[in-house]
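A short worksheet on the structure shown next.
Naming follows writing order (A, B, C and D), and every chain is counted from residue 1.
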Amino acid sequence: MKKLINDPADVVKEALQGVAAAHGDRLKVLTDPNVIVRADAPIEGKVGLVSGGGSGHEPMHGGFVGPGMLDAACPGEVFTSPTPDQMLEATKAVNGGAGVLHIVKNYTGDVLNFEMAADLARAEDIEVEAVVIDDDVAVQDSLYTAGRRGVGTTVLAEKICGAAAEQRRSLTDVADLCRKVNANGRSMGMALTSCTVPAAGKPTFELGPNEMEIGIGIHGEPGRERKEVVPVHEIVSMLATPIVEDLPFGSGDKVLAFVNGMGGTPLIELYIVYYELHRFLSDRGIEISRNLIGPYITSLEMQGCSITLLKLDDELTALWDAPVNTPGLRWGA
Amino acid sequence: MKKLINDPADVVKEALQGVAAAHGDRLKVLTDPNVIVRADAPIEGKVGLVSGGGSGHEPMHGGFVGPGMLDAACPGEVFTSPTPDQMLEATKAVNGGAGVLHIVKNYTGDVLNFEMAADLARAEDIEVEAVVIDDDVAVQDSLYTAGRRGVGTTVLAEKICGAAAEQRRSLTDVADLCRKVNANGRSMGMALTSCTVPAAGKPTFELGPNEMEIGIGIHGEPGRERKEVVPVHEIVSMLATPIVEDLPFGSGDKVLAFVNGMGGTPLIELYIVYYELHRFLSDRGIEISRNLIGPYITSLEMQGCSITLLKLDDELTALWDAPVNTPGLRWGA
Amino acid sequence: MSVSYSQVTDWVSAFAVAVAENKEYLTELDSAIGDADHGINMNRGMQAVVGKLGASTADDQTDIGALLKTVGMTLVSTVGGAGGPLYGTLFLQMGASAAGKPELSPQDWADALAAGVAGVQKRGKAERGDKTMLDALMPAVDKLQDALASGASFDDAVQASATAAQEGMTATIPLVAHKGRASYLGERSANHQDPGATSSWLLLRAAADTFSGNGAD
Amino acid sequence: MSVSYSQVTDWVSAFAVAVAENKEYLTELDSAIGDADHGINMNRGMQAVVGKLGASTADDQTDIGALLKTVGMTLVSTVGGAGGPLYGTLFLQMGASAAGKPELSPQDWADALAAGVAGVQKRGKAERGDKTMLDALMPAVDKLQDALASGASFDDAVQASATAAQEGMTATIPLVAHKGRASYLGERSANHQDPGATSSWLLLRAAADTFSGNGAD
């Protein structure tokens, strides 16, 4: 394992010290337990937005803390959901009296830890709502499973709900909006190479020199199937077809197209993916009216990409366009 | 070789089509020859800023075209300097009557092609100045060599000169400013893994499972030496020591610290690098007053990082802070 | 025959040792069907527990319930993932069941374990056969209760309980996961042993080793 | 004995074939001390040249200078890197030297090549011994001039010139590069053959093959 780290056990701690050193002017980094908070939190009368999850997906979530997006993020160990005390601390730190929304990706660990934290926060008289994001079409939903995973739509939900919270919308409103984003967003990813959890010291999985994994999870969990690598236009079709069929997205729809890099993917390749996605959607009469291209929800050094489509209406579009000022996503400010 | 591409020969073309599809509202993408231009170019009375180089370093340079930064970028084939006809076309497209500055990284190919282009542009009565960036301390300068390579300072020069050009400073002024940035910027990089040029189909170089290359070039050219991988605090010292000693940077200096990812490096690692760099500089009384952390001048999927330090004064700081609105770098707009 | 406060401490310590020894193995199992962190997570948590218990200077070692709650709270705040809330809940509910008790009778032990496992089931909403830690824990509880009901010695009962956990663990191999990260694998999760069931077997084996033979008095 | 318009075309085509055949080899050499693109670049350029010459319907094949200029311009606008301007300049300067000529005498050929190589030197500001294409080109020009001056046949002169290029190419192996990307390697650039010198040898060998023996008339 070759990484730019010191001791694997210190990865999260030292990265947070880096965040504190780099962005101390606008973010507070709490330790014991670890929380990244807007420097100006809590904001009186504003719904507080809290998310969190395992580390290794940067810039998500810590890089999305700031005006117009999250109020706080709870970084867990690498690929491990954070603990309830982190979420409780974050919830208290951002509670400006209008309640706190927990944006939770649908993984058992995230859900369970956020549940415990919400119970603890409510016991301290903080109003908490939780919305679970489950947008990954790779693994089909069923009564008997933990449900779909939460992936790319999380980034979009954090941005859009962040904008709504800045408008001082109520907790119920912002939570409903979050559910609406989740209901209109679909994602699927793929990997060309594995990632390596620092504490594990070796690749999570092995892919042959000509293999790819379609439907990969952001922790390197395997997905739908392992295949021979094919030209990217076929890969885009393998990802976009189930996405489009699932919602479904159809002719006349306007979408936000999010082409995400898994962490080790050259940006030039993501633009080729975007080119193919643009063609794929044009052929079906689906119009891309907004886009986001880059590594925003990553899996350490994994090479690969994911595609997220979010059906847009005027409300979502306006909230997407609203100013945001975070280390990871910034415009209009 | 596993990549998200179709035919290796079409990588640059299709990525540019992706750029056109994604950013057509604010960028024009010319083909034959390939140039990325601000949609509103040429701007009457503003010095035009043109840069360019091989592709594979994205977002540099194409991602830096827009208000407050470049007016046009010329993308060559992967890791291959673009051709004079591209630069001539770009120069003509951005010439608003105040002349055009070519920002050239110091590689023989870039220098020669930009020289030919400048000759051609001058023959068409366009005033052209060229500034060559040569900030890489990895390879020492000497009378007998082609000189130092141009790396991270290029990004900073494009941002800072872009801001100056927006203020309608003269070509001489902006060119002098560019030389000032170059004179005050120093960089050095390292690699944990190789990159693979799509048309070559295999890694440019091989590093053992425990080896790293110190002083790597952004095209995978070897640098100073090959070593056993060590903890990142030692790596930062190996990169920052020659940088600090070269200018030299000393106690009381304020700097912009730029921690750059080579394309395949997880962001969490770059924050650890930043943490170590912050400690390294603090120990020497050097104050980081601005920072930039992320993959901005990349080498395809190479894992590794580079550090750039730029000595700041009030002028450079103000120009750095000025609004910029490009796909790759954006604030205040 | 009963379980003393210090034996409960010994059990927790023995589990910590077993987790440390099997850290790579548990992570390996998790990388096949999950996200390669179960051993790392459990070890981080159990090391924190060991630190906590070692630092505790309470002379008053009379409340096994309080001890188990401390273990549970420590796991909840250091493990993360699914394992943290689930093992945390297991110990918290065992602690509630054993609240105030200076020692546990065989039936107290069985009741506490049953309460803990019921807590895991309630928190995680999984069923037996979902390929989770419950597949080791539930047979272990059943076997323990049955053995005690049929008059077996405590020694034999805890041994039988550990064996049932082991069988339950092994039985996860052919199963298709329906809960946790492995569930996303569908059919591909079969032919792999569940990491959580494996750590649960270590937990029950540690109990058998600590409480039986010259371990128990 | 002279070089006709169609022989010049043949020479250019033969060079294109040689570059295509040695594309991987040239790139391999460049990856050892440069950026792994020399073969790819030169091949892209020479394929464009072949396309251009094939498409040209000029009946009027009287101006070898114009032909060489077209080759040069095509290389300048398709190769990029250092190779583009350098090989482009080589052909452009050869074209200037041969301007208006329908055929080239041996001395015309030698003068054209000398002009091209002088152009390369002026553009790239490299010296002999800097481990560049000049280390193949300059000995080739010298040998060609010397051979003709000492009364050798054109056949022998072009063969001698190619041999000198080959020797110059091989002599780049121990050299430490002072120009181009390889210069950043310092001492580590020694023990590797320069890719540009290698493509230049292919150029001169193509000339020898095309102009000598039954090639030249």
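As a convention for this text, contacts are C-beta pairs under 8 Å (C-beta built on N, C-alpha and C of every residue); 3 or more make two chains touch, one makes a residue touch a chain.
Since the structure is predicted, the reported quantities are computational estimates derived from the model, not experimental observations.
**Student:** Taking a step as a move to a touching chain, how many steps at least join chain A to chain D?
**Tutor:** Steps on the shortest route: 2.
**Student:** Specify the chain most distant from chain B by Cα centroid.
**Tutor:** Of all the other chains, the one whose centre lies farthest from chain B is C.
**Student:** Measuring centre to centre with CA averages, how many angstrom lie between chain C and chain D?
**Tutor:** 76
**Student:** If you average the CA atoms of chain B and of chain D, how far apart do the two points sit, in angstrom?
**Tutor:** 32
**Student:** If you average the CA atoms of chain A and of chain B, how far apart do the two points sit, in angstrom?
**Tutor:** 29
**Student:** Please output the residue numbers of chain C that touch at least 2 other chains, ranges allowed.
**Tutor:** Nothing qualifies.
**Student:** Going through chain A residue by residue, note those that touch at least 2 other chains and give them in order.
**Tutor:** 78
**Student:** What kind of graph do the touching chains make: line, ring, star, complete, other?
**Tutor:** line
**Student:** Who touches whom among the chains?
**Tutor:** Pairs flagged as touching, ordered by label: A-B, A-C, B-D.
**Student:** Where on chain D is chain B touching in the complex?
**Tutor:** 27, 31, 33-37, 40-41, 44, 76-86, 123-124, 130, 178-186, 188
**Student:** Would you tell me which residues of chain B are touching chain D in their complex?
**Tutor:** So the residues of chain B touching chain D come out as 33, 54, 76-85, 107-109, 112-113, 115-116, 138-139, 144-146, 149, 197, 199-200, 204-205, 217, 219-223.
**Student:** Would you mind writing out the residues of chain B in touch with chain A in their complex?
**Tutor:** 2-7, 11-12, 14-19, 21-22, 55-56, 58-59, 63, 78, 192-193, 209-210, 212, 229, 231-233, 235, 263-276, 278, 288, 291, 293, 295, 298, 300-301, 303-305, 327, 330-333
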